[in-house]
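In what follows, chain A forms one complex with chain B and a second complex with chain C.
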Partner chain A sequence: MFTELNSILNTSPDSYTRGEFILVSDRQSDASFLIHHFLSFYLRARCKVCFLGLAQSFCHYSAVSQRLGVSLTQAKEKGQLVFFEGLKECLSVLTPKENNVESEAMNFLRDPPVGLRSLYEFVRSSVIGSDNMEEGAEQWGPSVLLVDDLSVLLSLGVDVGAVLDFSHYCRALVCSQVQGNMVMLVRCNGEEDDDDDDDDDGDIGSDVLLKGLTHQCNLNLHVQGLPTGYCKDIHGQMEVCWKRRQGDAPHMQKNLFQYKVYDKGASFFARGTSSAVL
Partner chain B sequence: MLSELLQGIESGGFLIIRGKLIHILCFDVSEEELKDGLKPSDTQRLHIHNAYSDPLGWTGHPNFTVQQFSLEDLTNLVKQTSQPKPAVLVIDSLSWILRHKTPPAVCQTLQQLRKGGAVRAVIGLLHTDMHQRGTVGSVCHLATSLISVAPGVKGKEAVARVTKRSKSGKVMQDEEIFCIAEDFTVTILSKPSHAEHKTNSTEEEQTDPTANLTFNLRLSDSELEAKQKLTLPFVFSKEKKTALLHPGPGSGRILYEPDANDDYDQEDPDDDLDV
Partner chain C sequence: MAAPVNSVCKTSADRLQVNCTSFQKKTRSKLISIPGTRPSVQNGQLLVSTGVTSLDYLLGGGLAVGTVLLIEEDRFDSYSRMILKYFLAEGVVCRHELFVATAQDNPDEILQELPAPILDDVAVPKPVEQPRLTGEPQDILDAMKIAWRYQNLPKVQSALASSSRFGHYYDVSKTMEVEIRQAAKCHRFYLPDHITPSSSYSALLKSLQEVIHREGFDLATPMSKSRNILRVGLHSLGSALWGDDLCCHDKPRHSHALTTFLYGLRALLRSSLSVAVVTLPSHLIQDRALMGNITRLCDNAIALESFKGSERETNPLYKDYHGLLYVRQVPHLNCLARQLPDHKDLAFKLKRKQFTIERLHLPPDLSETVSRVSRGEPVGVASACGSSASGTKNLDF
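Up next is the complex of A and B:
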């Protein structure tokens, strides 16, 4: 959990707005450090977290979370965290063994046009299923869905429309019905405003996906490299874009920050106020 | 023109709501989000059809699916309120429907709705960056009035380009800057034509490089005249051409009488061959 980011977003594990869809996006950069932040944030806020880890293994997330002061194995044992390990489930679909009970969630690998309905059913069962708890189990806060990351689904052959439908349904379930929060990571490779028709479909697909998700989200954290090039002390810039804030006037608010990622956290500062400069 | 348009329709899902019966078909936002910020007196006149929670029928008991976006189903939906007057249908958003149905089918349904009597006006929201230009063009071509919204120069303002096609065939276009207050009233601010003048003047105000130097790089008027009169030595102007081709009197003449030494024959250097 990055304390500076909490003050930028005006949240804390004790008080945060519910029913929000936070979109983390990056362009030719790596915004996965923000996913680790949100994972540790919501675990500390005692929410029930459903994490679709499609990009990395459980050990990776566990190791990073350890540095941020949260133990994923403990959370999993207590029932606070439902971890969907995409890498393992893929293997079980592609190389089925006799004893393995095949999970239905990744059946789009066999047949991409089917779409992500089974993945949504998995999310639904882990979010709604928490209502039927045994006696003596701990009471957790509102459900939170974290997805890392959606662009992996595009590269596995799923259609952009299917991914947008999946995020729409997750939003209807998690944000509107259960009044929980949702954080999704989308990655783009191409340059912005590239109208070149020679782009391969992958770049266009991820751009369309990003545009569609930007319309759906409440808060967009867009991570990019510095426009002036590589810098040792500043790892990139992050644009915070608020939309659809309930209770406020219906207009967008944008803020630009620069960040540096450390071993056990990240620091955010206004442009030009990096410690290397001042 | 924007205000005339808004008052003429007397409605607006996210703008002013006044008067008649309004049906809202919600795909993109939930009912609560739509009602957020609206006064209860206004929300009473709204009939919100929830197509947000299950538009594809995944949960098994959908309220309204995207497949039901056809003339018969929409007419039944609108007639459910059993009011004699035709209603206004607001669709949020057409982009959602265009992702699942082909553009020709959507255009056909919209046109049929217009021709049919159940609906007085249809207001649709389209996210143009989500679709190809052809799709956007086809849907926009159907519309009698088109409001394109773009972000303005300042934070809270937005620029609206309004195109209105009247029944006589006349097309009117206008561009206005507006902003939306917290109670959803639209205030039309000035027109953006002066913004273009601003960009022109900034170009003219570029810094003059010959100013603030310790030496003088500028020319006085007489020096400028002399400079313009000067002919450059290797520029082949018309006067020079004629002077060279037709040498006038007084210019240097060359008289040549062939000398024996000049008559050098390569094949007969000693000039003793009898050929």
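Up next is the complex of A and C:
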């Protein structure tokens, strides 16, 4: 949990808005450090977390969370965290063996046009299933869904429309029905303004996904490299964009920060106030 | 900084995690010491050498076990193939097992071209020594007459069980001797031998998983005394010979075949003691977004651009180098921070005994007003007098 980011977003593990869809996106950069922040944030806030870790192995998330002060193995044992390890489950589909049961949630690998229905069923069972708890189990806060990351699904051949449907279903389930929060990571590649129309399909796919999700979200954290080039001390810039409705008019507020990622956290500062410069 | 990682491992896992990845050092009570590996000083990862010491330095000490290094090939696949051969040769010298997969040349051809290691302490299987013909006792022959003070020092072992150095040097003008090469176990995958109805990438993935499982590189298998590393070298993935149309069309139809394979490769590597080097002809792939997806699914990524055949070959700025090297991606493994390179303008040079990667230095700008010393600059100064020799620069009017 990055304390500076908490003060920027005006949240804390004790008080945070519910029913929010937070979109973390990046362009030619890596915003996965923000996913680690939200994971440790919601675990500390005693929420019930469903984490779809598609990009990396469980040990990676566990090691990073250890440095941020949260133990994923303990959370899993206590039932606070439901962890879906995409790398492990995909092998059962990509290299099927006779006696191994295929993972249901990743069956889109076998047949991409099927879509992400099974993955949604998995999310639904872990979010809704928590309500029918047996007596004596610990009471956790509202459910939170974290996805790292959606662009891996595009790389695995899933259609952009299917991913948008999946995010819509999850949002309806988590944000509206259960009044929990949802955090998703989307990664883009190309330049923002593409003038040529005969562009690549892949690029259009992730851009379409980003635009669709930006429209749906309440809070967008967009991470990019510095416009002036590569710098070892400042790792990039982050744009925070709130979408709030005040009265009838939607209100959008944007802030721009630069950041540097350390071993145990990240620091955010206004443009030009990096410790390397001052 | 291995000590802090040790304490972290102890507090977090009270029982040994069986399904952990190869990143975490399994050092609760017994140290895994696999020859040819060393823990990283930054975050305690297990590292292997790529065979090129300057590339090891660029990657933060070495290639972490369980990761993929993507090399975007240069135009004629000369230097990327060279790095792949260095990687495999390092595996032979460190007694690791090899897995080579190609679609174009037979894997044996690549293995026969491995460069010869230079060091003396590389294990060479010696032929059985002939018994001494004379009956003289050994100590009289071995007694030193001049340097007798060094008599009692231990003798240098010329045939070690395993090479304990990390990173070796190779002589590219010679190929590795057959005895050394055949001492290493090598698994081959030659695509024309595996004609399957499914895609060639899934056949490769299944073959790799079968090798990992059969030879015991899986982390799930019970810990035995000796573990080894599997070095996987995949040559020219994504080229048309793998049954992919990534290089043929602007908008390929099955663009996710290669990315799905890379995802499965990452899953296999994270759960076993293996490390992979993949070369990819990225100059044939028109779709830049697809290259971005491919790069994100690999951990380390570098790109080579050689000067051969381009006009830069004769450019005096680049006369000391053979090509440029770009670092496309550096991973963050088990920690938040990455080890970013200091400089982004790197150039490489292949010398006979070393493949050096260094910061691109422009040669000093020697104009006539600054210095009269002429180093025979290839930039011909066409003097107005029309004289041909370059030494007349000092006499320009």
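As a convention for this text, the second predicted complex is superposed on the first by the 267 of 278 C-alpha atoms of A that agree within 3 Å, B and C clash if a C-alpha of one lies under 4 Å from a C-alpha of the other, contacts with A are read in each partner's own complex, and residues count from 1 in each chain.
Here is the rule we use: contacts are C-beta pairs under 8 Å (C-beta built on N, C-alpha and C of every residue); 3 or more make two chains touch, one makes a residue touch a chain.
What you see is a predicted model; the values in this text were computed from it and never measured.
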{"item": "First, second, both or neither for A:Asp14, with chain B first and chain C second", "value": "neither"}
{"item": "Contacts of A:Val261 with chain B and chain C, given as first, second, both or neither", "value": "second"}
{"item": "Contacts of A:Lys232 with chain B and chain C, given as first, second, both or neither", "value": "second"}
{"item": "Partner chain(s) touched by A:Thr95 [first = chain B, second = chain C, both, neither]", "value": "second"}
{"item": "Chain B versus chain C as contact partner of A:Val208, first or second or both or neither", "value": "first"}
{"item": "Partner chain in contact with A:Asp111 - chain B first, chain C second, else both or neither", "value": "neither"}
{"item": "Which of chain B and chain C A:Ser176 touches, first, second, both or neither", "value": "first"}
{"item": "Partner chain in contact with A:Arg67 - chain B first, chain C second, else both or neither", "value": "second"}
{"item": "Residue contacts with chain A in the superposition, chain B compared against chain C", "value": "C"}
{"item": "Chain A positions touched by chain B in one structure and by chain C in the second", "value": "none"}
{"item": "Chain C-facing residues of chain A, complex", "value": "28, 30, 32-33, 36, 56-60, 62-64, 66-67, 71, 73, 87-88, 90-91, 94-95, 109, 112, 151-152, 154-157, 187, 189-190, 200-203, 205-206, 230, 232, 235, 261-266"}
{"item": "Interface residues, chain C side, partner chain A - complex", "value": "8, 12-13, 17, 19-21, 23-24, 202, 205-206, 209, 250-251, 255-256, 259-260, 263-264, 266-268, 270-271, 286-290, 292-293, 296-297, 332-338, 340, 342, 344"}
{"item": "Residue numbers on chain A that touch chain B, as the complex places them", "value": "117, 120, 161, 164-165, 168-169, 172, 176-177, 208, 211-212, 215-216, 244, 246-253"}
{"item": "Complex contacts: residues of chain B adjacent to chain A", "value": "14, 28, 30, 32-33, 36-37, 52-56, 58, 95, 99-100, 127, 129-130, 151, 155-156, 180-182, 184"}
